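Next, two complexes with chain A in common: one pairs it with chain B, the other with chain C.
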Partner chain A sequence: MASEEQSRMAQSIRMHLAMETEDVLGRISMDEAPQAMGYFYRKLRQFFQQPEGLGHFDKPGIGTFCAQVPLELIEAAGARPVRLCMAAGIWDQAGGELLPAKSCSVVKAMAGMAASQLFFSGVCAVVAPTTCDGKKKCADLIETMGIAVHRLEMPPSKLSRAARNYWRESVETFMAQLQGWTKQKITRKSLHTAIHRRLMATEQFRRLCRLQTKGVLRAVDYFLVTQTGFFDDVEAWTLALSDLCAELEARVAEGRGIEKQNRPRMLLTGSPVLFPNIKVPLWIEQAGGPIVTDELCSATDMFHDAPAYDETCLHDMVSALCDRYLSPCVCACLSPNPDRIRKMISLCRQARVDGVVYQTFSGCLSYAMERNAVAKALADEKLPLLYIETDAGFEDQGQLSTRIDAFIESVQAKRRNF
Partner chain B sequence: MRKLREMLDKADINQFRFWTQIFFFALFIYGGWWALNWSERLPVFACAFVQDRCGSCYLLGLQHQMTAPVSRMFSLAGLGILTGFLTFLIWFVLLNKAWCGYACPLGTLQDWITKIRSGIGVRRSQYSETGFKRLKRIKYALLILLILIPLAIGNTIFGSGLSHEFEIPFCMICPGRTVLPIFNADFSQLMIDFSTSTKMILTALGMAVTGGFFVGAFVKKRFFCLFCPMSALQYLLSRLSVLRLVKDGGKCTRCNNCVQVCDVGIRQIAENMEKGDILQDDCMLCLKCVAACPENDCLQLKFLNIPVFRSTDTGFFCRMEKKERGI
Partner chain C sequence: MPYFVGIDIGSAGIKAAAVDEAGNLAGFAVCPTGGSFAKNAQKAFEELLQQLCMRREDIARVVSTGYGRKLFKPADEFVSEITANARGAFRIDAGVRTVINVGGQDVKVIRLNEAGNVVNFAMNDKCAAGTGRFLEMAARILEFNVDQLGELHAEFQGVPPTLASTCAVFAETEIISLLAAGHPKPQVIAGVHYSIARRMAGLARTVGVADVIFFDGGPAENCGLVEALRNTLIRKIVVPHLPQITTAYGAALTARASEASPAADVRR
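Moving on, here comes the complex of A and B:
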């Protein structure tokens, strides 16, 4: 009986999800869209509307939380990583029944996703780094639903020797668990190949970022690209990405699309932009401020870094991966977290940013708490900051888009005065 | 000019270093064949016990000079010491610690041993971070000793003057003396001298160090360099050099790639965000870190303030792809 009710609920959530995706994608005007974006729209539609399609991938899926899971290890063990951080309004609602209303949208949405059993058909287990409290408790909850969960224990800091050793051991435990799940050994060769694939992806992603600073790609499109990277096969994604870059480069060569360069250039930071919740970038761009760069764990923080090693032995490659996923991490769950501000300032300078939009989901305390330190550092750089607190869903459109409009207008006015 | 820049950015620094090392090795071991003689004051272990060398190590001369009585050091002999030091300094100032990474034959030899090790698939071992800090000090102790012991010969420090058999104490235990002549088919240094007890102790110690040199170099990259008094002397003077390794902390993402590839495991290169001059004790300016850094202009090698080699995003990916093809 219970299971019948469950499946009915799952059915209804699925319908709502399909509608929500369509609604969001429908808000994106297709006039300006590069042709190569078609791949990403298609993939997202397929992923959110026929999630059982995931099961058709020939490799077992391993769900991941956050951006600290060494994806290369999963791939080297013969599986396929799927980052489960997604923030659909309907999941948020469903998760609200399971977690306190004050928890952040992402965490609730992930709980809701698990409860509606979507995506889990193709995902045989979940890896949850012990980042913020919300994610940790969400992992606990998911485990009670009968899903295999491995906790990738993360140190609370990344600067000390103890933290490094702890992390290394934790990653090694994770490797053993992975091999147990997939019954496939991670070898020198398989890991080397996996690292290389991700390296190529990183190279293309950085190429896209360079174009992004020229303002030729709409921020929504940019975030759809990164979101597709959460679940897509890395080689296919890289290829589509390089097509997109080539098309955009051609546009730049023709001088098309770069007129936006002279609009107020924005950096977006704070809680991640997770599909289908792309409203903030959407409104920022509609207000006329191209997002030229970002400091978000769903975009640059996830795809920008690349490991290096000298000798190609398993030990050194794993060691390089450990560093790749912990050392440059600027997640607000770390204490202390000096690199986040350093990184943001460096990005602002490199991309000649005019203003920063800082979004947090209500309930996302770590990011909300770092706001003042960030605001102070930005003020020292004479950069204005707009702080937005929001959640999944489009209910706050009226209020938020007015504030965003006003902010961009003021940044623009300030630019003119210079 | 832009072409040249691009070429330099994408340069395969490891390969460049490999061939430069071979060049210098040949020069220091066989240079004499072409009647080359550079200098007796080189800042590398171009060992004076090598017959066909083209130059030799400054430390030998320094130890000799220190045997003079202190009173004489303030006369004409002092001038000799001074010019000796200045010659050494001029050589050093040109290349800084790149002498270690690119020219030192003993360093090159260790790198070859490393190649053999990784070739047969044995993985390297590393020091613990605290152990590393402690061991680093030994080379300074050696540097002080190699000056003090000869001083005790010409001067009465221990009551009476020390025996002349202690004239070149460091050379007696340096693996350069025992190992490098082998490449000239000269095995005469590979023995224990039983003629006097002092000689016996010193040469026996030398043989033990030689054994340690090979074993150590096989297990750890650049094992011996950690104890090298030349490296200590160089680091003390490294600020004077025109070749500098600089870091722009603002561009660093703390990705730690530089630490991962560093043969001697220098952490400061990633962790220090303030210091511009990032050259550290034990660094040999091999530039692997610059090659592995994926952030534009974060790490740079500058000669007279002109960037010669710098970290770039494109260069990084170019080199990593090459590595992939290599496997």
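Moving on, here comes the complex of A and C:
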């Protein structure tokens, strides 16, 4: 009987998810959309509406719980990574029955996603880095649902030698677990290929970031590109991304672009933008402030960095990967976390940012608690900050869009006066 | 002489105001929002035109603001109510540095600089606790009109009861239990006003409070609430002559300003 109830629930969630996806994609104006964006819109629709039709399901899927999982290792072991951080309102609601109402929407959504079995048909196991408390407890919960969970132990700091050694050991344990799951050995060759593929992706992503700084790509499109990277085959994604960059570069050459003079340039930071919850970038853009850069684990922090090694021997490559995932991490779960502010300030200077929007999900205490330190550092740089606390739904549209509009207007007024 | 119109389409009321070339208030109209924003906004607009004995073509520019700002098609542009409110308040009194506005479903605190620009603001999240809606709810339970609450507050002397919640739903049960415990209505009303004032003060402190507070929005007409806010913030509270239309007035001033320099537009 339980399984019948479960399948009913899955069916209902599937329907609501499809509605939500259409609603969100429908809010994006197609007038200015580059043609090459079609690939990403299509993939997202497919993933959220008919995940079976995505192809490349020949390889076993390994679900990842956050940006801290070295994806190259999963690919080198012959599997495909699927990042499960997605903030659908319907999953949030389903997860609300399993976790306290005060927990953050992403964590609830992941629990709801697991409970509804959707996507887990293609995912044989889950890797959960022990980062924030919400994700840790969510991993404990989904393990009780019979899903195989590996905890990728994460040090609470990244500064000490002990922390780096601990992380290295933790990654090695994860490698052993992976090989056990896929029955494929991670070899020097397979890891080198996997790293190379991700390097190509990183190269294209950086190309996109340069275009983003010029303001020729809408923030919503930018985030849809990174979201597609959560589950898409990395080579196919890189190819589509390179087409997009080429099209945008051609626009720049023609002098076409969405950037108009005097638009206040924004940086977005805080809790990640996770499809279908793209309302904050959507409203910032609609208010007339292009997002020219971001400090988010769902965008820049996930795709921008590359591992560095001299010799292509397994040991060196694994070491380089460990550094690649630990050193640039600026998640608010780290203590201390001075790098986050340093990184944000340097991004603001590089991209000539006029204002910062800081979003946190209700229940994401670590990001909420870093707010004052960030606000102070930004005030020293004379950069205004808008702090937003929100969750997966659209019910706060009235208040939020008013605040965002007013913020952009005040930044605009300030720019005009100086 | 050209006129400029601002329409503030709020959650409870629609306010239209017109200014002349010099930026002086030429007329205003107010009507309840009801269920259809666009239709009632049009009604308020027409009422204003009638008052001025004018047609749409005689109006140089229309700027909409408020929750329904994007729905009012005849507008030439829109502006957020925070910017509009600041502009209106600053024009009325150039010494204003802190504005507190209570609307139908939100509370805003705005900080201005010497140039009248918004430097910081705070606004309640999606919850409508401690707003005009809350006053309406309290008035309904106590069987009064909202505009009677001020006089009733004045009848009360002494220490008002504390309402722990400004949530419209929880406060309803709290008010009922106060009445059931035999508290006279004026005392309960004072308690309601103080509970809203406490919430406003908390919000105001997050952005900083100047020595003089400019208090507007429909509920600013309620002298009981003004007194509660004065005693809570321990500062001078200034309420403009027509507190409900400050934001519409600011939008009209925006229309006048962008007519002068169209390049200043943020949108459209």
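In this text, the second predicted complex is superposed on the first by the 410 of 418 C-alpha atoms of A that agree within 3 Å, B and C clash if a C-alpha of one lies under 4 Å from a C-alpha of the other, contacts with A are read in each partner's own complex, and residues count from 1 in each chain.
Here is the rule we use: a contact is a pair of C-beta atoms (placed from the backbone, for glycine too) under 8 Å apart; a residue touches a chain by one contact, two chains touch by 3 or more.
Source: prediction; values computed, not measured.
Asker: Just chain B (first), just chain C (second), both, or neither: which does A:Ser327 touch?
Answerer: In the superposition, A:Ser327 contacts chain B only.
Asker: Pick one for A:Asp405: touches chain B only (first), chain C only (second), both, or neither.
Answerer: second
Asker: A:Lys414 contacts which: chain B (first), chain C (second), both, neither?
Answerer: Second partner only, chain C.
Asker: State whether A:Ala377 touches chain B only (first), chain C only (second), both chains, or neither.
Answerer: neither
Asker: Count the residues of chain A touched by chain B and by chain C, then name the partner with the higher count.
Answerer: It is B that touches the greater number of chain A residues.
Asker: Can A:Cys124 be said to touch chain B (first), chain C (second), both, or neither?
Answerer: Touch status of A:Cys124: no partner.
Asker: Just chain B (first), just chain C (second), both, or neither: which does A:Pro307 touch?
Answerer: It touches chain B, and chain C stays clear.
Asker: Per the definitions at the top, what is the overlap between the chain A residues touching chain B and those touching chain C?
Answerer: Overlap of chain B and chain C footprints on chain A: empty.
Asker: In the complex of these two chains, what residues of chain A are touching chain B?
Answerer: Contacts found on chain A: 159, 161, 189, 192, 196, 199-200, 202-203, 206, 304-313, 315-316, 319-320, 323-324, 327-328, 339, 342-343, 345-346, 349.
Asker: Touching chain C in the complex: which residues of chain A?
Answerer: Per the touch definition, chain A meets chain C at residues 262, 287-288, 384, 389-390, 395-396, 398-399, 402-403, 405-406, 408-410, 412-414, 416-417.
Asker: Once bound in the complex, which stretches of chain C touch chain A?
Answerer: Per the stated touch rule, the residues are 11, 67, 79-83, 105-106, 115, 117-121, 123-126, 263-264, 266-267.
Asker: Which positions of chain B touch chain A when the two form their complex?
Answerer: Contacts found on chain B: 118, 121, 123-124, 129, 249-251, 253-257, 259-261, 263, 270-271, 273, 288, 292, 294, 313, 316-317, 320-321, 323-324, 327.
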